[in-house]
Structures are given as C-alpha cells and as structure tokens.
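You will see two complexes here that share chain A, one where it goes with chain B and one where it goes with chain C.
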Partner chain A sequence: MAEAIPQLLVNGIALGAAYALIALGFVLVINAVGAVNFAQGDLVMASGFAAVILAETLSAGFGDAVPALGLLVLPLTMLVMAGLGLLFSALAYAPLRGRPPVSIFISTIAVGLILHHAANAGFGPEPRIGPALLQADTLRFGSVVLSVQQIAVIGAAGLLIAGTGALLSRTQLGRRLRAVAQDPEIAEAMGINGARCVALTFMLAVALAGAAGALLSNQFFVAPGDGGLFMLKAYIAVTLGGWGRLDGAALAALLIGVFEVMMAAYVSYVAAEALLYGGLLLVLFFRPSGLLGETIQRRT
Partner chain B sequence: MIGGRSTWVMTALLIAPVLVALALGGYEQRIMTLAGIYAIAVLGYQLIFGRLGALSLAQGCFLGIGAYVTGLAGVHLDWSFPASFLASLVVPAVIAGIVAIPVLRLESHYFALATLGISQIALLVGVNWTEVTGGANGLYGVPEIRIAGASLYSPEALLLMVWSALAVAVLAHGYLIKGRRAHRLTLLREAPEAAAASGIDIGASRLTLFVASAAFGGAAGALQAHSIGVVSPAVLEFQVMVTILAMTVIGGRGHPAAAILGAILLVHLPEWFRFLESHYLIAYGAALLLAIVLMPNGFVGRLEEWLGGADAGSPPAPDPDDTIGRKPARTGATLGLRDLRKSYGGVVAVDGVSLSVEPGEIVGLIGPNGSGKSTLINLVSGLQRPETGAVHLGNLDLSGRPPHERARAGLARTFQAPATVPGLAPLRTVLAACPATLDEPTAVTLARRCLERAGITDMAAGPSEGPSRARALDLARALASEPVILLLDEPAAGLTPNERDDLARCLKSLAKDGIGLLVVDHSMDFLLPLADRVVCLASGAVVAEGAPEEIARDPAAIAAYFGGPSP
Partner chain C sequence: MIRRFAYASTVALSILCMGSGIPSQARAAEAYVPILVPITGFIAIEGTAQRNGAIQALENAPDGVSVTYEVSDTSTSPEVAVTALTRALERGKPVAAAASIFGTQMLAMAPIAKRAGVPLITVSGTAKLTELGNPYIFRFFPGDAVVKVAHARYAVETLGAKRPALLYQTTSYGQSGRAELKRILDGLGAPLVFEEALAPSVKDMLPALTKLRAANPDVILLHLHSGPTALAIRQAREAGIDLPVVAGSAMHQPTTAKLLTPAQLKGVCAESASSPISESDPKLVAFTEEFRARFKTEPDAFALAQHDGINMVLASIKDGAETAEDVRAWLSSHVFEGLAMTYKSDGKGNMAHDALIVCYDGASPVPSVAKRFHNVDGVL
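The block that comes next holds the complex of A and B.
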C-alpha cells in the first residue's frame, strides 16, 4: 500500500490543481459582480467536450503529424471558452446588472441547465475521453511509478495559476480588474470602463474553467452530468478558503483534491463526498462567515 | 387570507384546471396531477424564497425525503395512508428544524451552499443506503392512497385528491402570511435590522417558514410517490429543485396563484417543446433565463396589483376608539447604561460609557465623527454586543438580550440611514412594527396615529421617497412598538430648516407624553434648544455632560467638537 502513496499524492495534487483553476474562475466572478456563478461547473464540462472535439478535428485534419496534440488543444480550448465566457456574460450577467445577486445566481443556474442538457442532447450521456497532454507513459523511480500525464497536468495548472496571479498583480489590466472588483463606482470615476472589465473577468474565469475541463478530460473523461460536482467543489473551496480570496480558494481546492483521492483510495468515494459535505456544514456551523472570514465587506 | 377579488381568482384557479383535465382525460389528467403536486412544493418554496428572500436549494430535497418516507412506510412498513402522509410531512419538517439552527443565520451565498450540501448528503444516502432505500433502483410498489377503505386508484380520483390537498395547502399558506404577518415578513426581508428593532423575532419567523416549507415539500413528495408508485433517487436530484425554482421564478414569488400558474405552465412545457424529446430541461433553462431577465417578479407579479397585492387586500378598518396611540401605552422607566465598552480590533469605539435617560427627558448625544455615537446606539438597541457593561430599562436587565426583546421591552430606535421598503406602503411598514399582541383594528388605529405624529398624512400612498419622508416613516415605525425610551440616530440629517422645526416639535411632544429620548446629532443649533441635558462623546468616552448652555461653554466639549486645543 505504501508504494501507492506517491502516485496517489500526485493524482490528488493533479485533481486539486484542476479544482484550483475552477475555483479561481469562480472567485474572480464573485469579486467582479458579487454573485455566485452556478454555471462554472457546467462550463468545465462544456470545455471537456470542446477539448474532445478539438482533438478529434486536429487529428482528423493532420493525422499523427501533430506531436503534442494535448499541448495544442489546451490553449485552443481556453481560447474557445474565453469566447464562450463573453457570450455567457452577455446572456447571464449584462441584462441583470444592478439587480440583486440572487438574480445572477438564478440566471447562471439557468445557463448551467441549458449547457448540461444541450451536451446531453448533442453528445449523449456516455463519457468521452479527451486528449492527453503528453504522449508519454509512466516514470519509474525505484518502486515508485508516476504517471507523466498527471505531472504534466500539475505543471500546466501550476503555470496557469501563477500566470493568473501575475496577470492580476503585475499588469495594468489586472490592476483595473481588481479596482472594479473592489469598488466599481470609484473605478468608473477614475476612468476605468467597468462593463468591459467585468466582461474580461468573465472571459478569464471561463477560460480557466476551460483549462480545467481540458486537463481533467483525459484521466477522468467527460460526461454531460459532471458539472454539478465541479461547481460544488469550487463553491466549497471558496467557502473554506475565505470568501473572495484567490489564494485561499486555490489552496483549499488543492486540499480538497488530495483529500478526495486519498479518501477514495483508502475508504470509498462515497465516504469522501459525504465527509466533504458534512465537513462543510460543520465549518459553517462553527464559523458562519467561512473558515478564514470574508474579505468582502458588505456594502450598505 | 386574501381579500375580495383574489379569493375568487384562487377558487377559479383551483377548480378550472381540474375541470379541464377531467374533460380532456388521459394524458392531461396525469400532467395536471403532476402540476398540483408541484404547486404544493412551490407554495412552500414561496415562503422561504419569496417571503424570506433566502435562496434555499433544499426544497427539492424535502420533496424527495417526503417521497421516500411514503415509499418506506408503504412498501416496508405497510402503514395506512393517513399515517404515512403525516410522517412525510413531519420527517422533512423535523430535518429542516434541525438543520435550521446552523443554516438559517448564514449569509445568502452560504445559505444556498449549505442547503445544497444537505441535498447532496440526502442524495448520497438515497443512492448508497441500499438495504433501506433500494439504492439506485429505488422502491417499487408504493400502494395507492386508501381513505376510509376506498382505494383511489383511478387517475380521476388521484387528480381530485391532489388538487384537494393543493386547496388545503393554499389555505395553510394563506394562514402563515395572514394579515400583519405578511408585512412583518416584508420588513424582515428588506430591512432586517429595522425589523429586529421593531420587536420582530427574525430567528423565530425564519424557523417557522423554513420548517413549514419543508412540510409542504414533504406533502408534495408523498403525493408524487403515490401517483407514480415508485420512489427512486431521481426525486433527490438537483433537477427537482431546479424545476421548483423555475416554477417559482416564472410564476411569481409571493401570491399563491403564482404557484399554481407556474406549475401548470412548466409541466406543460415538455409537451410544447416535443422536438427536444427527453432534453426538455433545455427549455426549462431557457424559460428560467428569460423569466429572470424579463419578469423579475414573475408572471403573476404583474397581476398582483390587480389581485390586490400579495400581501392581502386593503387593511381592516381602524378601531373607532380615538384614545389609541394618543398617549403612550407605558412610560416611567429609566434607561441606564453602565460602563459600555466595544472595540473593533485595536480601535476602541466605545470606551466605558455610563449614562441615563429619565422618562420624559430629552438627552442629546453629540460628538465628532468616529466618536462612537452610532456604535453606542447599536450597543443599547442590541444590534451589536458590547465587551463589557450593562443596559437596564427600569428594573429590567436587558444586557445580552437580542434586539427584538429590547424593542418589546420598550426600547425603540431609528436609523441614521433608514431602510426604505419598496413595495410596502407606509401604513403597512408601520403596521409591521405594531405589537403582535394587538388586534387588527387597534393596530391600524395605532399605526395611523404614529404616522400622523411623525408628520405623514398620505399614509396609503406608495413607497416613501426622499430623505425627510424616509426619516419620518422610520420614526413612525419606531413609535409603533410603543416605546418607553426612543433612541434617534441623526434624525435631523438631510432635513430642511422647516422640517427640523417640525421634528423638534414632534420630539418635544413625545417627551411631554413621558417617553425618554436619546438623540444623536451633529448639529448644535438643532440639539441645544431641544435637549434637557447634553452628553458629549469623544474617542468613545464621555468628556462632558450637563445642561445645553453649560456644554456650549464647556472647554472639553469645545475641544472635542470644534477641534480646538485640549484643555
């Protein structure tokens, strides 16, 4: 059993890293518009299918001439999903600007429902497999065997998380996005186009969901009904990590991934799920404003 | 429950669909039975989502639990219908009551997640506890409903049974939001702090509605289990919740007619979008999105004006007894604050304040911005908890008591930024704050008197507009709880000189009636002529106290207030 621990840990970190991408997108939208994006999980599912189709199209067009198909599919999926993010914000957010957050909550539930059942209608309920990032097999260190795909997922997700962090903290665009998230009125008064920043945030958030969907589609496959659980994990990560905190959400998502893989390996997947939800309720019972408190002050 | 025209509409809405279904027969009967079942669940959901404004994602789960209870009682335990039906109401209600304690105090985004978490746990149990629930296969052979030896196996009988239960549910729903309760719930939803300061027990109201909504969901689940004869984990899946949510958003959040119309509309949707086949939930999603964008108040929201409003028709006639509200119902208690202290992190906002307000006395509380005036009012009214210190009203120790208990004991307050409640007429806002123990006519008379005293005459008019009107309404709301002591947080801010004079006259007359007033204000020229005694606060501590003319000359007060050198 002990030899399995490194592989399980890598699996868990890979899963958690993908969850972290989903959670980052989730928090970005929370900070930008003050509302929960309930469709985030279904967007991950949709991008899994986008990755499947892109991989099929590319290999049908170029055959085996494409050496690292998965590495090409990842940015393409993100690009497609960024476009979908723009459409998503135009449909589910723009018409509801200025309405209570619960309206956006409901509109994103509606879009999630449409995505879920449109995927069901288009692709059928059977799971599909997405492209691997690298065509290698396994790495062997003595008795420890690690999957290259998993390590590649961790690397890609790590780069994307770091890139998102750098974009937000180091670039002028990132500063604008954060300014709008912090106080839209003041940001607008300083000449920042708030609506455009929110649209850009949605594009970034959905592109991150897209990356997660593409990365998860190989090992975990993709099926139309997957969205709900992805959304729940992100939602829980944000609650545990501190509402509105990017670093907290990413860290909590990582831990949830590791916990889930370890628990599933040694006890059962059902136990992992039950303990996660039970744990969430306990946290909310003892800490009604989340584990680390809230960074967003209620504006009155 | 609902006045006039609305009663006729509701009667028609409960009978017409049944007649149509009986006339068309077959498929339409099954669909209309399903509509009736969902309408019951939606009526419950309106209580929690519409009335309380809380986005619960557990209503589908309560329906599912109700269905499982009926399934288990019928298949394994061989219970009779009345017993299993009652259990299907009670079990979800008890579960709601248990989870309510941690869940109901959560902020909206955590409330939604927590209720979703509960639903997920219920689904896990339903799928995995195979010995009891039958696992993924579910429970087969749920017996038909038997009442007094007669078995309701025909589709017609089932339809009539379900819609009779719906009629009962409409009556129960009406009872829960009867009269002033509806106004209180609106105030609670839109301005929870004002509601608590008016003596409304927010926790108890939320608990009642959450438990009731679960019982409605359980009833719907029980009827569904009987009608299809099978209970499978599908009843616990999120799409049941989404269906209820869509019906509520599309139909409307408040009026029972909305629940029935929303349910009828959405159960027919798959029929109208046949080309989508089993993917009709795409149409649900699209309809939900369109509804939330185009009709924020739902289908019936637009008709509610015509129906006489979701919150009952016209208020009952006032009590002709002219003495009501002329004189305060109770007076004679002194407000005593002892050593109140409150800090935020390292900043001490209120630093050991002790003061008293006698019956009929006007005490002015002055001090620069950030001197702790508003925090002090919050500590006294119970909206914030002090670290140390005590609040007494007469012989009553109110320390540690929640705001609504303080309000009921006679401690009322107004707010610096009064919350306006759109859609609630001034008279209804004030009615919401009248003591629950008063009968309707007495309350109406009292509310009118309070509005008059605060200077509002067109009391049935629409929502309040402008700062002076919002302040006057807030004062009337505070008076409606029949206070002994009234705390006013910057009542003159934003008022014109004439309005200030009116306000000063009003406050003096209240004091003359024996009410003790603690008035916070910035403006010396408003407060000094008004107050019997002035307390000056600086950096959270009392730096001067005395008659107005003394305070005007007091070096400490001048230093604190005008930023001069400290004495």
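The block that comes next holds the complex of A and C.
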C-alpha cells in the first residue's frame, strides 16, 4: 500500500481542487444574492457535456491539427458557461430580485432540474468522456504511478483558484463585486451598478463550475445524473469552511477530497462517507460558524 | 394496430371519458401495457435499454393484437417507482407492465402489483425478487442464481483463477450478486481474497483498487452498474493493474465499452444473457438493425430480454388472454422461444435459464461470445 500513497494523495488533492472550484462558484452566488444556488452541481454536469461537444467539434473540424485539445477546450468551456451564467442570472435571478431568498433557491432548483432533463433528452443517459487536459497517461517513478491528468487538474484548478482570489482582492472589478455582495444598497448609493455586478458574479461562478466540469469529465466521465453529487460536496465544503468564506470553502473542499480518498483507501468508502457527515455534524455542533468563521451572518 | 398515447393525451382522454360517463374499461379494446422504467439517474442506461426493447416489441405486435402503452420514468427511488405503478393502475387495467430493472424499485412495486393482480415483466437480476412468493413477478433476464454461476465458473474453470477479488455495488443489485458470487466461489474452492462495496456515486476507485492489489488476487470480478464498471476498469489499467477482469452484465453494454479504449478492454470479459451485436443469427441481426434504426443506439441484452418478455405477453394475448390474470396464467404455464433464448417459468417467475460470457480482444469494441452456459438451473 505504501507505494500508492503518492498517487492517492494526488487523487485526493485533484478531487478536492475540483470540489473547490465548484464551492467557490457556490460561495460567490451566496455572497452576491444571499441565496444558495442549488443548480451549481447541474451546471458542473452541463459544462462536462459542453466540454465533450467542444472537443468533438474541434476534433471533427481540425482533426489532429489541434495540439493539446484539452487545454483549448478548458477556456472555451469556461467562456460558454460564463454565457450560460449570464442567461441563468437573467432568467432565474433577475425576475426574483428583492423577493425572499427562498424564491431564488427554488428557482435555482428548477434550473438544475431543467439542465438535468435537458442533458438526458439531448445526450441520452450514458456517460460521456471529455478530453484530457494534457494527455491520458501516467508517469512512473519506480513502483509509484502518477496520473498526468490528475496532476494537470491540480495545476489548472490551482491557477483558477488563485486567479479568482486575485480578481476579487486586487482588482477594481473585484472590489465592486465584493462591495455589492457586502451591502448592495450602499454599493448602489456609491454609483456601482448592482444588477450588473450580480450578473458578472453569476458569470464568474458558472465559469468556475465550467472549469470543474471540464476537468472532471475526462477522469470521471460525465452523465446527466452527476449534478447531485457535486452539489452535495460543494454544500458541505461551504458549510465546513464558513458560510460565505471563499478561502474556507477552498480549504474545506481540499480537505474533503483528501479525506475521502485516504479514508476509503485505509478503511472503506462507507466509513469515509459516514465519517465525513459525522465530521460535518461535529463542526456544526461545536463550531457552527465553520472552520474559518462566517463572513455573512445569515444562512439560507 | 398500435396506438401510442403521450401522457398529456392520456390524461385528457381520461378526463373526457369521466365527463361522458364512459367506463374506462369500455374506452378501448386495446390491451394496456405501461412501461415503468428508470430513464434518468444512475441506472438510466439500463432502464433506457429496457424501454427501447419494450417499445420495439409493442410497435411490432402480432396481427390481431391491439396494444396501447405509455412510458413513465421511475428514476432511482422506490417511491417514484411506486407512484408510477399506482398512476398506471389508476389510468386503466394493465394486462401487464414492463417494470424497472432496478431491484430496489421492484421490491417496492411487487406487493402493489400483487394486490392489483398485474404481472410485472422485468429484467432485474436481484435474486430476492423471485423468492418472495409473488406470482406476478416474471424475470426475463437470468437472475443472479444463473448468471453468477457463469460469472464464477468462467473465472475459475476457464481462466484458472484461485484468488478472485470482487468490487460490487452497495445497492440491492450489488449485494444480491455479491451473495451469489461468494456462495458459488466458495463451492468452487476459490474464495474471495478481497471484496469492497462501492456506492454508485463513487468516482475515484483508486482507494479500492489499491487495497485490491495488496490482496494479491489473480482475477478481478466486478458487479457494478455501467458507469462504475468503466471507471473501475479504466482506473485499474491506469494504475498498472493488468489482471484479467470478469465483469457483470453492465460491461457487455456497447455504451459501457465506448468509454474505454481497446487497450483498456483487453483481458476484459463479462457475463450476460445475450449479446445481440455479437450474434450472426438472422433474426437477431434483424432485431439489431431495426433497433439501431429506431433508437440510434446499439441494443444490449437488457433491451433484448425486455423485448422477449413483452413479446411473450403479446403471444399470450394472441393466444386468447384478455385479462391480467389470463396473462399471468399463460406466462406461468407456457414455454416461449424468444430471440435470446427459450423462456419457461421455474414456478417462481424466473423465465431465463441461459447465460453467456463475452470477451473483448483488445482491438474491437464489439465483444465475441467466449462461452455459453445453457439451462444453468435445469428448468428447461
């Protein structure tokens, strides 16, 4: 078992990094509109299918002339999903702006169901495989085997998480987004267009879901029913990390990924699942504000 | 004559009939056969194959047999399946229903079907289903008591395995198959050296494969649904585990093989009731070609078994069965030559008694039949 530890760790971190991308998008929407986006998991699934279609289209159009297809598909998927995020914001949030948060999260549940059934009707129930980011191969160091795709997932997710952090903390746009998230009325009084910022937040959140979907669709395939799993893990990460904390969500997501993989390897999957939920209950009992504390003192 | 009703039109017709005081039984002389299968969720591939097989049979009903049908999605929960059956019973008196491949749903639907006196035509492999003493269950896919014999015997007798390891699903399907495999392997003198249950949602199987490798097995047995089967084989190959694999029937499905490269498929075999795409029999070729044209996908054993099951119901109607009870009695007492095999009830509703093993050669995504196991339980 010892020689498998490096690959298990890589798998756990890669899984956690993908969960982190999903959770970041989740937190962005919570902060921006004060409601949970229950479609986040299905948006990840939809982006997996978007990556599959883009890869097939590029392959059909250019054949082998496209080097590193996955590297091209990743930003294209994020772009497509950002567009979907704008549409999502216009159809599922804007008409309900000012209504109680429950209206918004019911609206997001409806969007999730529509995406799920649309994928099932459009692509059929069978899983599809997305493009590898670099190559679907392994690196061998003696008895240690590492998946190139998993290492690439960690690298890509790390860059995107760092980029999101930098965008929000170091740019004028990020400050505006955060200002609207913290106090929309005051932000608007200071001349910031709140509706536009919320729409941009949805675009960013759904683009991050898009990155996660594209990265996961190669290693784990993508099927119409996958949304619920991603949604659940993102929700747990956000709760564990601290409601509304971007850094908390990313940290908790990484911990969940590594915990799941290592616990499954050394005990069992059933124990990993049970202990994860047990840990969530303990955190909620002893530290209800999450590991890093809440930034917004309201839960939907 | 076949007429297909969309759900909305069925509801509208029901309202019209109620309004005009026409009894639902007098609405039409057609036999009503609802199709209650999972077409969304983690078992949607198998359920969709079921649906397609049933539809192809109903659309080709013999002359003189008039049938209506509608499709309801049972998704993945017993509650949804029970609701779908209850609603079908409220809409009319079905002579039979094509029912879910998912054992957990069948176990929930079985008592309702018994109370209503409606035969359920299923391809679920869950062994317990036909051990309940319910005379309204008819299983047209060989149960675990049949296919797992082929599964285990091929691994032990043909591949010479002495140290098998098993990954199975946590669902009732998985647990039923695991129990049968364990019993048969013990009897063959090749007990499991490793086993682990995986939830259908598990994506990263490296932890299980790492423990499996540490147990030093000589063959990997899989009893997983379609997607998890492909994930397990792919991740095993990527981890450098090149042991032979004998998988459950999900692996014979063309949609599963499509997820793997020919190199990853090398050394992979699967148990099944049939493999329509591997056969050269003209009737099976005709079935496969019509299926491809109609549904734009490849048929699998579940589609063929459900097709045969519904064809046996249609044969009973052709032979004079008018009510659900007539159909039940006919299915219980007759032998039927289907496309996949000969079907006959063992007295518990197990209609299928043959199994086969298909194997991939590492070059083609179409498997070839490696071994046939006829009349495994001696019913025929």
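Just so we're on the same page, the second predicted complex is superposed on the first by the 278 of 300 C-alpha atoms of A that agree within 3 Å, B and C clash if a C-alpha of one lies under 4 Å from a C-alpha of the other, contacts with A are read in each partner's own complex, and residues count from 1 in each chain.
FYI, contacts are C-beta pairs under 8 Å (C-beta built on N, C-alpha and C of every residue); 3 or more make two chains touch, one makes a residue touch a chain.
Only a predicted model underlies this, so the values are computations on that prediction, with no experimental measurement involved.
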item	value
Fit or clash between chain C and chain B when superposed on chain A	clash
Which of chain B and chain C A:A211 touches, first, second, both or neither	neither
Partner chain(s) touched by A:H116 [first = chain B, second = chain C, both, neither]	both
First (chain B), second (chain C), both or neither touched by A:F220	second
Touched partner set for A:E273, first chain B, second chain C, both or neither	both
Among 38-46, 56-64, 74-82 or 236-244 on chain C, the segment whose C-alpha atoms clash with chain B after superposition	74-82
Chain A residues contacted in one complex by chain B, in the other by chain C	116-117, 120, 270, 273
Interfacial residue positions of chain B with respect to chain A in the complex	53, 55, 99, 102-103, 105-110, 112-114, 116-118, 120-121, 124, 128, 238-239, 242, 245-246, 249, 276-277, 279, 281-282, 284-286, 288-289, 292-293, 296, 417
Touching residues on chain A, where the partner in the complex is chain C	1, 4, 7-8, 11, 15, 116-117, 120, 124-127, 129, 136, 138, 140, 145, 147, 216, 219-221, 223-225, 229, 260-262, 264-266, 268-270, 273
Residues of chain A that touch chain B when the two form their complex	30, 36, 91-92, 95-96, 99, 101-103, 105-107, 109-114, 116-118, 120-121, 228, 232, 235-236, 239, 243, 270, 273-274, 277-278, 280-281, 284-285, 288-290, 300
Residues of chain C touching chain A in the complex	39-42, 44-45, 47-48, 76, 170, 196-199, 201-204, 206-208, 210-211, 213-214, 226-227, 230-231, 238-240, 255, 258-259, 297
